[in-house]
Every structure is written in C-alpha cells, then in structure tokens.
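Below, subunit A partners subunit B and then partners subunit C, in two separate complexes.
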Partner chain A sequence: MTLPLQERYQAGDSALHRLDPRVKVVVTLLLVLAIVLTPERAWPAYPLWWAMTGSLAILGGLNPWRLARMGGLALPFALAAATLLFTTPGEPIIAVPGLTITGAGLARFIAIALKSWLSAQAALLLAITTPFADLTWALGSLRVPGTLVAIISFMYRYLFTLKEEADRLIRARAARSGALPGQRSGGNVIWRARVAGGMVGNLFLRSYERSERVYAAMLARGYDGRMRLLYPPPLTRSAVIQGAVPVLLMILISLLAVAWWSA
Partner chain B sequence: MFVPFLAMHIPDGFLSVPVAVLGWLLVIALVGFALRKTRGTLDDRQIPLMGILAAFVFAAQMINFPVAGGTSGHLLGGALVAILLGPWAAVLVMTAVIAVQGLLFQDGGLLAMGFNIVNMGIVSTFVGYAAYRWVHRTLGGTPRAQIAGAAVGAWLGVGIAALATAVELAVSGTSPLGIVLPAMLGVHAIIGIGEALITVGALAFIRQTRPDLIQAPARADAKGAGWIAVGLLIALLVVLISPLADPNPDGLERVAEDHGFAELAQDPSYEILPDYTVPFLENEALTTIAAGVIGVAVVAGISYGVARATGRRPDSAASDRASHTL
Partner chain C sequence: MHHTIDVEGVSFRYPDGTPALNDVTLYVAPDEKVALVGPNGGGKSTLLLHLNGILRSATGRISVGGLPLNDANLGQIRTWVGLVFQNPDDQLFSPRVHQDVAFGPLHMGLPEDEVKARVKEALDAAGIANYADRISHHLSVGEKKRVALATVLSMDPKILVLDEPSAGLDPRGRRALIRLLESFQQRTMLISTHDMRLAYELCSRTVVLEGGRVVASGPSEAILTDRALMERHGLETP
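For the complex of A and B:
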C-alpha cells in the first residue's frame, strides 16, 4: 500500500529539454501571465494559446493531446467559479426552473475555465521537460534568495524519502487495523484523527532526527552554510533567441486580443 | 481534502492579474523579512532542518484518516510548524512546500502562487501561532493550555486562510463574495477541526517522546502580546486591504454598468439569492469588508468559546518546560 507520488519530469533530449532552464522559467511565467491577461471575450485568442502550448509540447517531444488532458487537473476548482453562471447579470439564455444562466455569466465562466486549463498546460510543460535540480538552480540565478532555494532543494531531495516514511507509517496502521467482516473496528472520527496525529508527530520526529544526521554528515564533509554549484552554465545567445520567439508570439496574440478581439 | 473544489490551492486563471501581482509583492516583502529574521536566530543547520521539515509537511499531508462517506481529512500543517519552529521559520518551510507543490505537481498555479503562499504559508502560520500564544497565555500557560492553544491556532489558521482565499477570489471577480465566503468558511470550519485534532495528536506525541523540541512560550510572556497583535493585525489586513487593493472595477460591475441596474432588479436569477444585491463601486469594498469583519468576528468568537471550554480542566501533569529551542 503506497501513496501515489510521481514526478512529472520525463527524461528526454528534445529542443525543449535542452533549452536553458532560466529561459524556460521566464517564458513559462510570461506565458501564464499573457494567458491570464487575455480579455474574457477575446475568443480567437484561446485556440491560439492552445496552438502555442501544443506546438511547445511537440518541441518537447510530448503528445499535445495528452498534455491537453493533463491540463484538466485544475478544472475541479472551476466549480468555485460556477456560481458566476447564475449571478452575473445579463441576458438570460437558459432557464432551468429556479435557475437562470446568463450569457455574460456563461462567457465569464468559460473564460476562467479555459485560462486555468491553458495555464496548467504551460506549467506542466516546464515541469515535464526540466529536471527539478535545474529548475531550482534557475530560480536561484533569477534572484530568488539563496536560502529559500536551498530549502526548496533540500525539500525535493528528501521528499520521496519522507514519503516512503509516511508509507511505512500508513502500512503499519493498516496492518494493526484488522476487523471482523461486518463489524466496526477502532474508535470514532476523533479517535481516528488522534491516531493520524500521532503518526504525524512520529513522522516529525523521524524527519527532525534525520535532519540532525544529515547536518552532521554535511559538517563532516566541510559544509559551511553555503551551497555551491561547480559549473554554472553560461546563458548563451541562442538560448535567449529561442526564448524570444515564443515571447514575441505571445506579445502579438496579447495585442490582438486586447486591441481587436475584445472590442 | 473534503471538498476538492473548495481547496485552498488556487490554480492560475482564478485570480485577476492585479490581485495575483499584489500577492507576489506581499510574498517578496514578507518572505524577505522572514529570511532576515531567521538568519539571526538559527544557525547554519537551518537549511537542512527547514528543507527536511518542508518535505515532512508534504509527506504529513498524505497521512489521512477516514471521516465519513468516503471522504478523508488530513493535515495542512501551517500552525503545527509554527508552534514547533516559530512563525518565521514556519513561513520559510511553508513557502517551500507551496513552491514545490506548484512547480513540481501543479497543485496551485504559478501566477497564483503569490497568494497561495500568503494564504497557506503566511496567514495560516501567523494567525495560528498568534492564537496559540494567546490561548496558551490566557489559560495560564499549563501544558493543557498549550494543547488548547494548538487546537485553536490550527483551527483559526485554516479558517482565516480560507477567508483570505474567498476574498481574493471575490475581488478577482471569480466568484461572488456572498457565495464563496460562506462556502469557504463553512467547509474550512470542518476541515479546521480535523486540522486541530491532528495538530494536537502530533504535539502530544512529540511532547511524550522529545519534550525538549516543544518551545516553551510561557517563558516569553512579554512577547506574547506582540504576537497576538500581529495575528489580529493580519486577520484584519486580510479583511480590509484586499478589496481596496484592486485598482480595476471588477467584471461584475462592468457588466452591470453595461446592462443597467434596473433591469437586474427584475432578473429572475437573483431570486435564488434574495439578500445578495449587486454592489456599486463604492459599496463593493464596504460590503466585502463588512462581510469579512463579520467572518473574522464569528471565527474568533467561536474559537474563544472553544478555548474557554477546553481549557477549564484541572491540570495534573507537570510540564517539562525545557527552554530548548530549535
């Protein structure tokens, strides 16, 4: 009985995999920004954004349809915006007894869901084509404070180790939770929550004591509070140019969306 | 999570750009300050410690317990980490957790990550810690008071973070405040109970096994008042500043102006929400603030009641109040 925890990164040697991680981070953030900035009713922009994520997926050696399916992971959250269907004022278009969906509400809801789906694809592209160590390094060279980057790197390093510790705790709980068929076992919800709490406390102590051992091992190897990279790769001109192409396309689509299609 | 669509990890697309940028500005200021604060108080073991504890929070969120009808509850962790490490270190740990969830697993968006860090990494830790200190001190600083404080802190931290999330969604025009605020607060009032139970269970386990790891806040009573003030201030800021900070009229109003308000009054869609009126630009902020203040007051009042109820038990165990801090 193990918990599902799978890294998104897929090893590969595509153009997107080889691109400088700093360029990928900046382009991804700009792409998400441009998608979210799209005016609600600039409908022609949305297929263009999808064409963009789709072609980037192909450049990254991914199936764009698969990426599109994966992009739906944030859609359950869209239910939070579903009330807009009924509360946004406008021309009623569908009237179920008791509820009226307005055209404006429908447009707004669809725009939010599309933006969420497209942004998720952009974020997925970054995670799928960039090893996490490269990603944290890129964050550091993009002026994210070094301490925070080091904490994030350590977290990633021990994420799967501690996930397996949690697996062991859960397996142990399952092993001692035998019950006769048709008979209730264990206590009520509060009791169960306290058991989970004990497991969390247990996991905390295991993590805390592991960090002490890790720190001692690092000290023994000459750790002085700083993290170093041996050879930070230089930012090449071709990487900047490769990053500039999608950014120029984004600016074009955004300008068209704001100036023309939203009018 | 009990109800996934009311979860607190906001994906991209649900926050308007001005709101998302405000979130990032808050993160840059507050996390930067947290980095400065921790540099002075923790030595160079802070990086492995905080990194591994961030991984701990992530793994601990996977330990769930069945509630009812196939749903399960689990820890969010802000208050627990703040109680164990102090609020500034907790901000860094929770920031790392949310950054990895967003970057690696797309749990929460990239542009929306600013407010995700604010809600779950800053608001929940600070409010949780302040409430913990306040209840602990008010009830006499006993170990039982510490447990009661942890319960209130965990519950209130989740509640105020949910309140902040609701306000951000409403200001972004993603969901009307009159709907999203009660929904988020209602769901998270229940999630918060699970959070409180797990936090208390974890603290009880740690107290039994390694009592030296639990900070003794009763020692520093003079600073307690400051924390209460900070927590209250954050709760009020969440309520007051967010609606005023949006420079653009939200889409709801724009559409409302396009179509005229008179027509709206007869629109049948409003009959499902008789009390929800379309706000004018000046009133919208006020309505938001009023609703938020009521929310804070209700949450704080209930928490005070819970604190009084759970704290009035005779205390027998003498606490090992070692002054060991991390």
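For the complex of A and C:
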C-alpha cells in the first residue's frame, strides 16, 4: 500500500506546454482575477469564461470536458459560501420552516460556485502544462520574494521524499501485521491509534532532522540566508504576443460583463 | 594556498550531552588521500562537519589551507572544502539538477557566465553531462550520488570531504565512483567510509576513529591489513 500522491503535470508538447512559464503564471493570475471580479449577475459572462478555459485546454492538448470535471475539485470549498443562501437580504423564494432562501442569496451562491469552478480550471491548466520546477523558477524570476519561492520549492522537493518515508513506515507495519487463524488480530482501536500516532510522530522527527541536515548541506556550500538565482533569460517577443492574446480576450469579456449585463 | 587540513586537540559534545569527539588531532597534507574508518558512532561524521565550520568546537584549533577556522575565514574555507553528505537527498534540495549544481558558485558571487561554465564542467567531471535538466527526486541513488558530487565540484574545491561515498551503491556504481575519485589527483581528500576496499584502493593513509578518538593512523597497507587492530575496533580487513 502506498499513499496516493502524484504530480499534476502531464508531459506534452502542446503550444501551452512550450509557452514561457512566466507568461503562463501571469496570464493564469490575471484570468483568475478577472473571473473572480466578474459582477455576480453577469450570467452570460460565465459561459464565455468557460469557453476561454476550454479553448486554452484544447491548446494544451487536454479534453475540455475532462478539465471541467477536474474543476469540480473546488466545489466542496464553495460550500463554505452556502450560508449566503440564507443570510443575503432579498425576496424570499423558498421557505423551509426556520430558514428562508432569498433570490439574491441564491444568485450570489451560484456565482461563487461557478467562479470557484472556473478558477480551479485555470489553475489546473497551469499545473498540468507546467513542470513544478518551472513554476517555482517562474515565480522567482517574477520577483516573488526568494524566501517564499524557496519554501514552496523545498515543500515540493521533500513532499516526495516524505511520502516515500511514510510508505516505508506503512509497509513495515503491514509486514508485521500478521493474523493467526481463530484469533482476533489487529488489537483494539486505541492501540491501533497509538501505533498510527507513533508513526506520525516518527515521520515528523525524521523530517525535522532531515531539515537540519539539508540546512547543513546548504551552509557547506556557502548559503548565507539569501537565495540566489541565475538571471532569467529575457522574454521572447512571440511569448509576449502569445500571452497578450488571452489577456486582451479577458479584458473584452470583463468589459462586456461590467458594462452590459450588470447594468 | 596549500590545501591542507590541520585539526589539533578538538573535542566536541552535542547539545544533548553526547560526547562525539575527544581531543582529535589530524593533519592531512596537500593532495594526500586519507580514509577515515571506524565503527558507527565513532565520530567520523561529526569530525567531517567540523572541517567547514558547520559544527564548531570550543576547544582545540582547526586550520584549513593554512587559515584558522573562524568567523572571518568561514566563507573562504567553505569554498575550499567540498563536503559531500552521506545521504544525497540531504544534499540535493533544488528541483532540477543544474539548479543544485549552480547553488554553490552562485553563493560565491561568481559572474553568470562563469557559473554556467562551472555547472557544465562539474557535470562533465561527474560523468553526468546530460543530466542538467533532470528532476533530482526522480533519480536513482547512484545518479543522486554523482549529482551530489557535482554540486561541490562546481565550487572547484581543493579539498574534498566525502561521507560514505559508496554507501548504497551497487558494485558497478561503486566501481565507477572509485574510478571517478581516482581521477582527482590534484585534490586533497578525506573520505569517511565503511568500505575497506575503497579505502585500500583510493587512500594512501588510513585513520581509525573510535569513541571520538584517533586510535590508529598510518599507511593504508599497514593499518587495513592489521587483522588484530581492525577486529579490535569492530572493523574488518579488505
């Protein structure tokens, strides 16, 4: 048994895979921002946003329907907004004893759910078409503070080492979890919880000690508290143009949403 | 600079009170290859961590390349001493191989072109020229060990300090490593190892460390073939 942990990145050679990661990061951020800032009752804007993520998916060699399903990942989090259904003042449309759902509340909730779903698709698209190492590199060269980039990149680097360590612990437990015929095996719940707790503690200590060794290895190579990067190569003209096209579309959709449908 | 290691009367105790080194004195001459052997917990790794000031001892004196190890010389000494850790997962912390190999030279403040040239040179020297864009955690142990070596070779250290370089390698990987290390004639080397044959083949001198003390030191042929001495310290002859 191993823990399910896999990279989102799917190797490929599509236009989106080849695009400079810095352009992808900026365009994705702008796209998420534009989606989130869409006025909530600008309903026709949502299909347009989806047309955009879908088209980008096709450019990235992905099935847009599959991306749409993956975007559902964000929906449980949108449930946090469920209280809006009842707390937004307005015309009541459904009244359960004790609770009333207002039209305004329903609209707001649906808008938030749609926005989460669309933003998740945009973020997934970035993660699927860009190796994580390129993402952290792009963040670093976009002047995101070095310490922050270093933390993200360490987390990613050691997540897999940690997973392998956890897998080994689980395997070691499984290998010694025998059962005799006619005997109830596995002990009671409290005992098993204690074993699992011990494993988590063990994993924490191992990681903690590893962090000390990693830091020593950094010091040994002259680390002085500042992360340094090679200067990033300049952006090519074609990468900027390829990034500008979706940004222009975004501006267009946003303007339409604000000017037309929210009036 | 004459690339020597000079350790005199160093004692060290871990913060939890465990004594690790007890009055250790050791001199390594320029370009000399010295094997550091001894049982687990004998103080080998602790001693290695002292050589570029990761651990500092209050007693005794350490000089590297003629410079006393102190705050003022720390940076210089770290560029001279290439310390390769036992577990490559501790050494390789960047997502991609070339980023890890560039880490040391970047911290030395070298110009961009020089950094790139050194990364290429180091990867070539470690026999992994085409690994630059690989992702470190996808590599095998043998490959990671080579990358770990490249991460210090890029700093062009005159002194290589290796902790268990052959641990976890299959016979072919181990043989390749020995050949690789043999090619570094122009560097001082201190190798901590349980691999007695590696010590015998690579190092002209062997130092035995047990209980934090140097209990024997001499030509490898004499020390490593002294069955009684080896067995007394929980070791075996090659």
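The working rule: the second predicted complex is superposed on the first by the 203 of 263 C-alpha atoms of A that agree within 3 Å, B and C clash if a C-alpha of one lies under 4 Å from a C-alpha of the other, contacts with A are read in each partner's own complex, and residues count from 1 in each chain.
Basically, a contact is a pair of C-beta atoms (placed from the backbone, for glycine too) under 8 Å apart; a residue touches a chain by one contact, two chains touch by 3 or more.
Because the structure is predicted, anything quoted here is derived from the model rather than measured.
S.K.: Determine, under the contact definition given at the top, whether A:Leu125 touches first (subunit B), second (subunit C), both, or neither.
M.R.: Neither: A:Leu125 stays clear of subunit B and subunit C.
S.K.: Please indicate which partner A:Asp224 is in contact with in the superposed arrangement: first for subunit B, second for subunit C, both, or neither.
M.R.: Once the two structures are laid over each other on A, A:Asp224 reaches both partners.
S.K.: Which holds for A:Leu56: it touches subunit B only (first), subunit C only (second), both, or neither?
M.R.: In the superposition, A:Leu56 touches no partner, neither subunit B nor subunit C.
S.K.: Which of the two partners, first being subunit B and second being subunit C, lies in contact with A:Tyr208: first, second, both, or neither?
M.R.: In the superposition, A:Tyr208 touches subunit B alone.
S.K.: If you stack the two complexes on chain A, which partner ends up touching A:Ala68: first (subunit B), second (subunit C), both, or neither?
M.R.: neither
S.K.: Between subunit B and subunit C, pick out the one touching the greater number of residues of subunit A.
M.R.: Of subunit B and subunit C, B contacts more residues of subunit A.
S.K.: Now for A:Tyr156: first (subunit B), second (subunit C), both, or neither, which partner does it touch?
M.R.: Once the two structures are laid over each other on A, A:Tyr156 reaches both partners.
S.K.: Just to be sure I read the superposition right, which of the two partners does A:Pro89 touch: subunit B = first, subunit C = second, or both, or neither?
M.R.: first
S.K.: Scan A:Ala133 for contacts with subunit B and subunit C and give back first, second, both or neither.
M.R.: second
S.K.: Just which bits of subunit A does subunit B share with subunit C as contact spots?
M.R.: 132, 153-154, 156-158, 161, 210, 214, 218, 223-224
S.K.: Using the touch rule from the top, collect the residues of subunit A that touch subunit B in their complex.
M.R.: Subunit A residues touching subunit B: 3, 5, 7-8, 28-29, 32-33, 35-37, 40, 73-74, 76-81, 83-84, 86-90, 92, 95, 98-102, 104-105, 108, 112-120, 122-124, 126-127, 132, 135, 145, 147-148, 150-159, 161-163, 165-166, 169-170, 189-190, 192-205, 207-208, 210-212, 214-215, 218, 223-225, 227.
S.K.: Could you pull out which subunit C residues touch subunit A in their complex?
M.R.: Touch residues, subunit C against subunit A: 49, 52, 54, 75, 78-79, 81, 83, 85, 87, 89-91, 93-96, 99, 102-104, 106-108, 112, 115-116, 135-137, 151-152, 155.
S.K.: Which residues of subunit B touch subunit A in the complex?
M.R.: 4-7, 9-17, 20, 31-32, 35, 38-39, 44-56, 58-60, 62-68, 73-75, 80, 84, 92-93, 95-97, 99-100, 102-106, 109-111, 169, 173-176, 179-180, 194, 197-206, 209-210, 213, 251-252, 255-256, 259, 263-264, 267-273, 276, 278
S.K.: If we count contacts the way the header does, which residues on subunit A are in touch with subunit C in the complex?
M.R.: 131-133, 136-137, 153-154, 156-158, 160-161, 210, 213-214, 216-224, 228-231
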